[in-house]
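Next come two complexes built around subunit A: one with subunit B, the other with subunit C.
Moving on, here comes the complex of A and B:
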């Protein structure tokens, strides 16, 4: 009897636990991007800063060719190599911004959702204040005032993600803090810290994990926006910076669309993958919740 | 604890509350969920607390244990455990008692188990916390407890998540968690309400068997008098935050004093009644705990109430048999009760004739 139960259970699980082909495609793309970002200096890429002037082709920018897959920009620099290098800063900023947001906002959210009372009132007020700032304006303001390094840009974007992340963490925590299993843990003598980490966090992590991917997508786009305005990381190549370079005043976008097109394509595919994967993950875990 | 002389245990109750009050601050005012409850539970004895929804029975069990919400609670009166006052302890101070000395089984095993944690881990948590066991030691103990509570294939079950278990199995897991550290006092808060009828008796049998084997005391909260009948030594009937009648189980069923208890007994469906006969019910609603009625709280719904019942609150008085107390001006069997009974019978027969 137990064997029939087992096989039935397994079939159910297989039917439920499908994330789909699209999800894995997105994950593959993201893994590729992470790989590129991690190992850019080691990859056999052309130098992103050298000028590949070719007298036979006349004045740069050169169109995509065998030699320069994504073409070159106006200074005859290889767009493919630059785009790959751009992945590094864009993804780092996206990742560290959302990590900072999760560490700070998530912690505040979980604590205020669990303890309620005055802690909750204070932190909710802080969240509302943060949310009522137009985020892009705040980011522009901060980045134009301070030195724009990888760290500061990440922190500014992280600051903007504190409130949305914190509010979701708070709501998710409240939902679980009232469940009887928390009371059950209390009545066996568990401490608050133990309850938060062992009982509530694993439950809250499920809705939060999909938000992490969606939030990273937003952070990558925001970084692109800042870079487009010339307000992102100063030393280094970012996707937003590349897009801006290809769309400056002198009709570059019309004459040499490839300069911006390829960075845009990379940014688009990466953000799409993050969003799609995050969304699939959310519905996937929702289904699991419902069977409980 | 266990080294205390047995005769002393006979005399001194394990749990004793004196005038315990638990009030909640609500937007409408102060809700008196538990309003002056005095009771004792001796070692090895089980007490059933019976009442309608909102009678304060669940809050009573949680107040004794000190498991109340953080905010908006006023708790007064005394709770003594093994002769020691614990009513004024903070949750921090209660932690050493929770799990080790007293534990609780909740109503709904669906929500009282953590959905993302393997049940084995949930059982071993308190063992590691209180007894400082290593995880392998704790697992071995957990497996033994799973056997005690009759969970088949305990080794496999320990590695499963709550959603992989049936409702009855989940409640067995909850009982295993409560028993893990060998507490002296078990609170069972409607442990069978969320379960299938066929499983209810099994769970209650299991509970009473474990209580007996481990010489524990139990406070069984339920709204079903039928449930407590076979499984408790004593019954306390609660109404509107107060205990209105208390007696040894057998005495209560044979010699009811309080009309409310009588009405509760009459509203249990009986096997020997002809089918489709109308079930007796208590008219009206439970009292508003924010503005409770003056006098006897049951008076507005009581068929035997007179003017004095609305004006004066009846005190808890001793019945003719020992250990039997009740709060009623005109208890079942009194002259006034019979007089009204005759009137009521006459009225119902006349309506029947008219119909």
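Moving on, here comes the complex of A and C:
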């Protein structure tokens, strides 16, 4: 995604100062999803792995009904409950991945932007190497080789976000590294570590954090793609896996579209909210360049 | 001249690094023996199995140290020999697999790029000329929707609506069909990849056209009484295409990534779906070849975009 939307002059200038109704709507949806993800085991949901066979309805899958809001799949498992459980892995992986990416990539980026020299040259080369794979290819390659747990999948997706985050952090740091207040701090004898933490980091952190939501959207989509290909967390319930289950045979998709369409809807609304809220935040903090 | 040499040298260095990483990761983290021999590979107490393991190791030169194997692979690879597939027979050779499947992926990606460009240009022209109006706002919202729809989900929806419910499009790809029907079968897969990218292009191009429309020569064209479509098409479009062309070039990588998912959903035997299959089967030579082809095309396209830039704006060359 790249920058846009500095359209129609004045209207947007005004809009920039407010976050707007849409933003809060998205935040509400995201809060709801986070709540579901955090408290899935405590919520009064049907068991996601039980088979709710109902002889009066014939053979599953059963269409959505009062009893099964999102219907059931071929094994008569409750799609609503499975979709809610799916939120857990999808959001956890998305969040941990982008957190790891920001911690590692951000640190490397700030350090190389501040010190420049050979550190900068090495890290820039590493970033370019990481960016010369299409990210899905790299993710497939790595996840296929390891045991896929919540932690390792998050780490792989975190690794993918290191390069874009690192580049942004580097660029942002370089903007501030020669500013007067940094020079002043150096003049009065502050150490590099002190300057980075006290002077540079607060300035870099604000624009970077407004990009975190957009980054998380990318990570959630990537996790979905991996799960769809059967390469996300093993044995876990994920949105991508549920969508795959409902669409691998065209017969299933034809007869029981609800199996994949409800997870698609949840995934879509979540990614849309992350993107929209992230975009509003970016305009709000007036962050110019964005290449995730 | 020096700039070009430097850039090409960097690109080669980059591809070397990529190949080393991939080769290393595959051999350190994975176990190719199991794939060749099956369960026998783990049966190290049985003397017969040990003999078979020895033979297989020698045959696929797995008994050499890693750097030597890398050197052998590299020297074969640059000469166009991609090695043999890791299976009990070693057949077919990897280059056979690639030459059969690569053209399909290239066609698919080219088609997706074509759709993306020819959807986004009119879309951007229309919305830019009505910037700020209701129709423009609705279109911006639509672009948001498209970008937020992961391509595997879009593939499932397109398949459901156009193949299953409406029956307009064929469900699967048949490799033996004549070219025309194969191209027809690729329309939905290409739209799956192309539509979200079209939304990205549209958002970018719309902004650039709006900037162009505020310039004096557009005002002049308007005072001359030229019609609106004429101004948009003949005067405003061309000067707005600069960053559009760059982004089109750079997005080819995203298209290749999208083709992995799209080929899997629509069962097209291209290199994207082959990558997923081979990765799951630990068929390392195939994986390595595909990763290298994808990374090379990615790096070469970046290089070409950079060079195109220096032709348009020589200041970049320093």
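Note that in this section the second predicted complex is superposed on the first by the 268 of 292 C-alpha atoms of A that agree within 3 Å, B and C clash if a C-alpha of one lies under 4 Å from a C-alpha of the other, contacts with A are read in each partner's own complex, and residues count from 1 in each chain.
Here, a contact is a pair of C-beta atoms (placed from the backbone, for glycine too) under 8 Å apart; a residue touches a chain by one contact, two chains touch by 3 or more.
Every value quoted in this text rests on a predicted model; they were computed, and no experiment measured them.
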Could you classify subunit B and subunit C on subunit A, in the superposed arrangement, as clash or fit?
fit
Regarding the shared-chain residue A:199, is it in contact with subunit B (first), subunit C (second), both, or neither?
first
On the A-aligned overlay, A:67 touches which partner chain: subunit B = first, subunit C = second, or both, or neither?
neither
Of the partners subunit B and subunit C, which touch A:260 in the superposed model: first, second, both, neither?
second
Touched partner set for A:180, first subunit B, second subunit C, both or neither:
first
So, does A:229 touch the first partner subunit B, the second partner subunit C, both, or neither?
second
If you count the residues of subunit A that each partner touches, which comes out higher, subunit B or subunit C?
C
Thinking of the overlay built on chain A, is A:121 touched by subunit B (first), by subunit C (second), by both, or by neither?
neither
Once the structures are superposed on A, label A:135 by its partner contacts, choosing first (subunit B), second (subunit C), both or neither.
second
Smallest distance from any CA atom of subunit C to any CA atom of subunit B, in Å, after fitting
11
Residues on subunit A in contact with subunit B in one complex and with subunit C in the other?
2
Quick check: in the complex, which residue numbers of subunit C touch subunit A?
14-15, 17-18, 21-22, 25-26, 29-30, 131-132, 136, 140, 144-145, 147-153, 156-157, 159-160, 163-164, 171, 200, 203-204, 206-207, 210, 247, 253-254, 256-257, 260-261, 264-265, 275-276, 279-280, 282, 287, 291, 294-295, 298-299, 302
If we count contacts the way the header does, which residues on subunit A are in touch with subunit B in the complex?
2, 9, 115-117, 179-181, 183-191, 194, 198-199, 202-203, 206, 289, 291-292
Help me check something: in the complex, which residues belonging to subunit B touch subunit A?
65, 67, 70-71, 91, 95-100, 103-104, 106-108, 110-117, 125-126, 129-130, 153, 162-164, 174, 177-178, 180-181
Write out the stretch or stretches of subunit A touching subunit C in their complex.
1-8, 11, 125, 128-129, 132-137, 140-142, 144-146, 217, 221, 224-225, 228-231, 240, 243-244, 246-247, 250, 253-254, 257, 260-261, 264, 267-268, 271-272, 275-276, 279
